[in-house]
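Chain lettering (A, B and C) follows the sequence in which the chains are written, and residue indices restart at 1 in each chain.
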Amino acid sequence: MFIGMVAGGAGAAALVGVTAAAAWPSSAASESSSASASTATTMVMDSSGSTDMAGSGMSDADMNASAEAKVGQFLDNAASPITAGQGATELEWRTVNGVRVFELTCEEIEWEVIPGERVAAMGYNGIVPGPTLRVVEGEPVRVVVRNELTQSTSVHWHGQRVPNDQDGVPYITQPPILPGESYTYEFTPGPFGSHMYHSHHNATEQVGKGLLGALLVEPAERGSEPPYDKDELYILNDTLGGFTINGKGFPATAAYTAGLGDRLRFRFMNEGQMVHPIHLHGLTFEVFARDGYPLPQPFRCDTITVAPGERWDAIVVADNPGVWAFHCHILSHAERPDGMFGMVTALIVE
Amino acid sequence: MFIGMVAGGAGAAALVGVTAAAAWPSSAASESSSASASTATTMVMDSSGSTDMAGSGMSDADMNASAEAKVGQFLDNAASPITAGQGATELEWRTVNGVRVFELTCEEIEWEVIPGERVAAMGYNGIVPGPTLRVVEGEPVRVVVRNELTQSTSVHWHGQRVPNDQDGVPYITQPPILPGESYTYEFTPGPFGSHMYHSHHNATEQVGKGLLGALLVEPAERGSEPPYDKDELYILNDTLGGFTINGKGFPATAAYTAGLGDRLRFRFMNEGQMVHPIHLHGLTFEVFARDGYPLPQPFRCDTITVAPGERWDAIVVADNPGVWAFHCHILSHAERPDGMFGMVTALIVE
Amino acid sequence: MFIGMVAGGAGAAALVGVTAAAAWPSSAASESSSASASTATTMVMDSSGSTDMAGSGMSDADMNASAEAKVGQFLDNAASPITAGQGATELEWRTVNGVRVFELTCEEIEWEVIPGERVAAMGYNGIVPGPTLRVVEGEPVRVVVRNELTQSTSVHWHGQRVPNDQDGVPYITQPPILPGESYTYEFTPGPFGSHMYHSHHNATEQVGKGLLGALLVEPAERGSEPPYDKDELYILNDTLGGFTINGKGFPATAAYTAGLGDRLRFRFMNEGQMVHPIHLHGLTFEVFARDGYPLPQPFRCDTITVAPGERWDAIVVADNPGVWAFHCHILSHAERPDGMFGMVTALIVE
């Protein structure tokens, strides 16, 4: 039934509860969405990171119409992307003498965070987050990094126990990679789990603008992690593109989908400047790893707080059907008078 | 002895240590309290969430007099409330065909956060936090919500695994509840533990202004939680009414009281926009649940950090007599040149 | 080999990776360091706690030269301090009738946070953090506090279960210590572990300016804590002196050093206003205590988030040689266009 709903667009975007007593608004007001998107960007760019709710000047009807239109866009996006560009796609590699070889190019790009709003960004291979690197604990990798930025850079393998000269800290472990130059990193991955790679040079700007990606290290020994049906990323950022999940802000965030009973693995990673407590409605997190390291005992919760630099892994058993909101619970990162924005997505259990 | 102290007012508000070498200030300066309260509100409203300590322009004697007066007010408040209105009182219900039925009305109200300072708020049944709903795991409930605000709203049962159409997210699971309309929610509570309910529409404003409350789900099986003598709420908010505990700022925060040896259960909940590390002097937290879910193993600490959306449950054994400060350890949420304010209370062990 | 590097100064400050393809910049530009230090202070003092990356106006070559110069200063600092004053040195005591007696004097001082930049501070015994007090669980202590400030103060023994009249909260447990007065605290330490002492009067200003220190309580029973070779403090502050570790900002932060295979105990303590997630490159934290209390089970991670008022204890086994960056992962607390600053240090494993 949710497939039908998702395909139905804004006008059919909500389920009316059987006990509902209220009238159902029918005007989708989709014509207001580009205007609200512009406003959104302005407000996100505010230096305080928060928004002034006072004096929004919107009528209740306008607020509802805008909120509904955005939900409609979000559900449309699940069927067909409403912004250009998709981050965190898995990067293909070639194998050279038993070494898994990846190639990354750092570029200044424009990135569409929400429909119609392109921000000046920095991407690996043109996307934000950069491509996901999937490697295996104990099996050597090589990453060739080409710098096509107008400033120097470097890459740090966040969470990996690499040899010091592969650690990516300019003037401590290597020279910076100058514009136009390339640099090759080589290491044997470990420990396994959910890790990250990102710039370690002028990093507040470079990581803020998008020079980051997931580094997923599969354990050498199967059975080191709990079983799951789907492997999902939830990468947070909060700086130069506003509040984003996997490089997009609501309504352009991708919905997660699951069949009833599926076990989903979520890999939460924070590449931003603020702590974000991520809340999932209607379901339960079973948190089993912190920074890739298996916890001595998993714990359960519905709000998992992810600080910058941290990674948390959780299993969600999709045992409750519906469209479940899945968002940062710092409400000013998730909702404004004109509706939800920023760090909001949903898990759709069909 | 502490009862006597509490009743003694500002002039007798402190215990002099046996080793004290300093003279004891005797001027209570209570006439300065309304002025400092006004200043307090202005400073809390500052968009950065912090206060400028430089140039406070107060003399040391004035600072002390103001600090003493506020402590006096706080201790007076333990005997007789110094502000109008008390939030989070437990809501009575009626039982209809085996269903526990609650009624909530959303209203725009004025709420007295500190003496003499009323802020524009939104309350369920006229109070902030809204009334506490106490239910039992597995026993069905119905909540009839009437919206008397000038804007739409909805209610989310934060932490509960409800059917999707009862989840309270406008345009995803239901239409918004329009001004003047009512909406009825029905669900069977679970999981047990410390949960919350709050608006999920224009929520930065609505929750910030007070549309929030505790939802306490008693376990179906006794023995699922550790035993305790007193059940206490500690609900944080930090937005439109400033830094508050259970809807009040120091000195209007209610003190917690215990007999020597009592086991108190504290339910920490954060409905604000910031992380708050809550520190208790002289005693020890035994933290046993996160978001309602029992931890695999309890842990001990004296500072429990509560992120927005999180709930933490802790037992405090009142095994050390005295008046123990109990406050957010982000010091700018708790103390200014004119004394303590905001997220400060005390646990009084008699 | 790292000793040689540390002694080599800025020009030899980095290891060139064997796979490096980039040219190595040779101009150290050390003449720019005092200018960049001035800029640093201005930016740190910005009320938002963040820095505007836009329009830094620096060329790539200038950014690299500044970054290199700062790394050089940091490594020089490991050989010979580049700023005046060292905080957190252990305080000597005398024993009087079986009581360990310490003396602390509160003073307004200037404190050099980074080279050439002195800030108006408040220190115990003239240093920031104040001297470290090392005591033993169950063995009585006396601390004589003399207030030579121009404002009142008090001392709170954060994390200790003291008698209430020794708890240090003005007008609740004692009168404030007036300027020119002294006050004597007496208590029997417990629980053991990593604790703190600091002002509890006008504390946002006083702790922000430096009235804080470590209180290390050794367990009465040996074997209560895991074994270690070195005992290291990592005290965070973020207010009136900017972003600091043990009272200094990068490049004046002290590097930690270890022999290969050493077990280091780090005691993380946050006396600031913000949460700081501390990330260590190339090695692993084994976290074994929270607020001094042993965890029921240690956990491993590479990023340990420390909220204000919290203490976390971790063992690091120095099993990977090199210079490992060790910094707050809120990147705006650690790096700017002109290079690393603030909450950055390194663990050098030789």
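Here is the rule we use: contacts are C-beta pairs under 8 Å (C-beta built on N, C-alpha and C of every residue); 3 or more make two chains touch, one makes a residue touch a chain.
Everything numeric in this text was worked out from a predicted model, so none of it was measured.
At the interface between chain A and chain C, two copies of one sequence, fewer than half of the residue numbers in use are shared by both copies.
Taking only C-alpha atoms, you rotate chain B by 120 degrees to land it on chain C; that is to the nearest 5. Centre to centre, using the average C-alpha position, chain A and chain C are separated by 33 Å. The multi-chain contact residues of chain C, meaning those touching 2 or more other chains, are 48, 275, 297. Contact residues of chain C toward chain B in the complex are 47-48, 150-152, 156, 158-167, 169-179, 181-186, 191, 200-205, 207-208, 240, 273-275, 290-293, 295-297, 307-310. Considering their complex, residues 13-25, 48, 50-53, 60, 63-64, 67-68, 71-72, 275, 277, 279, 281-284, 297-303, 305, 320-325, 329-332, 334-337, 346 of chain B touch chain C.
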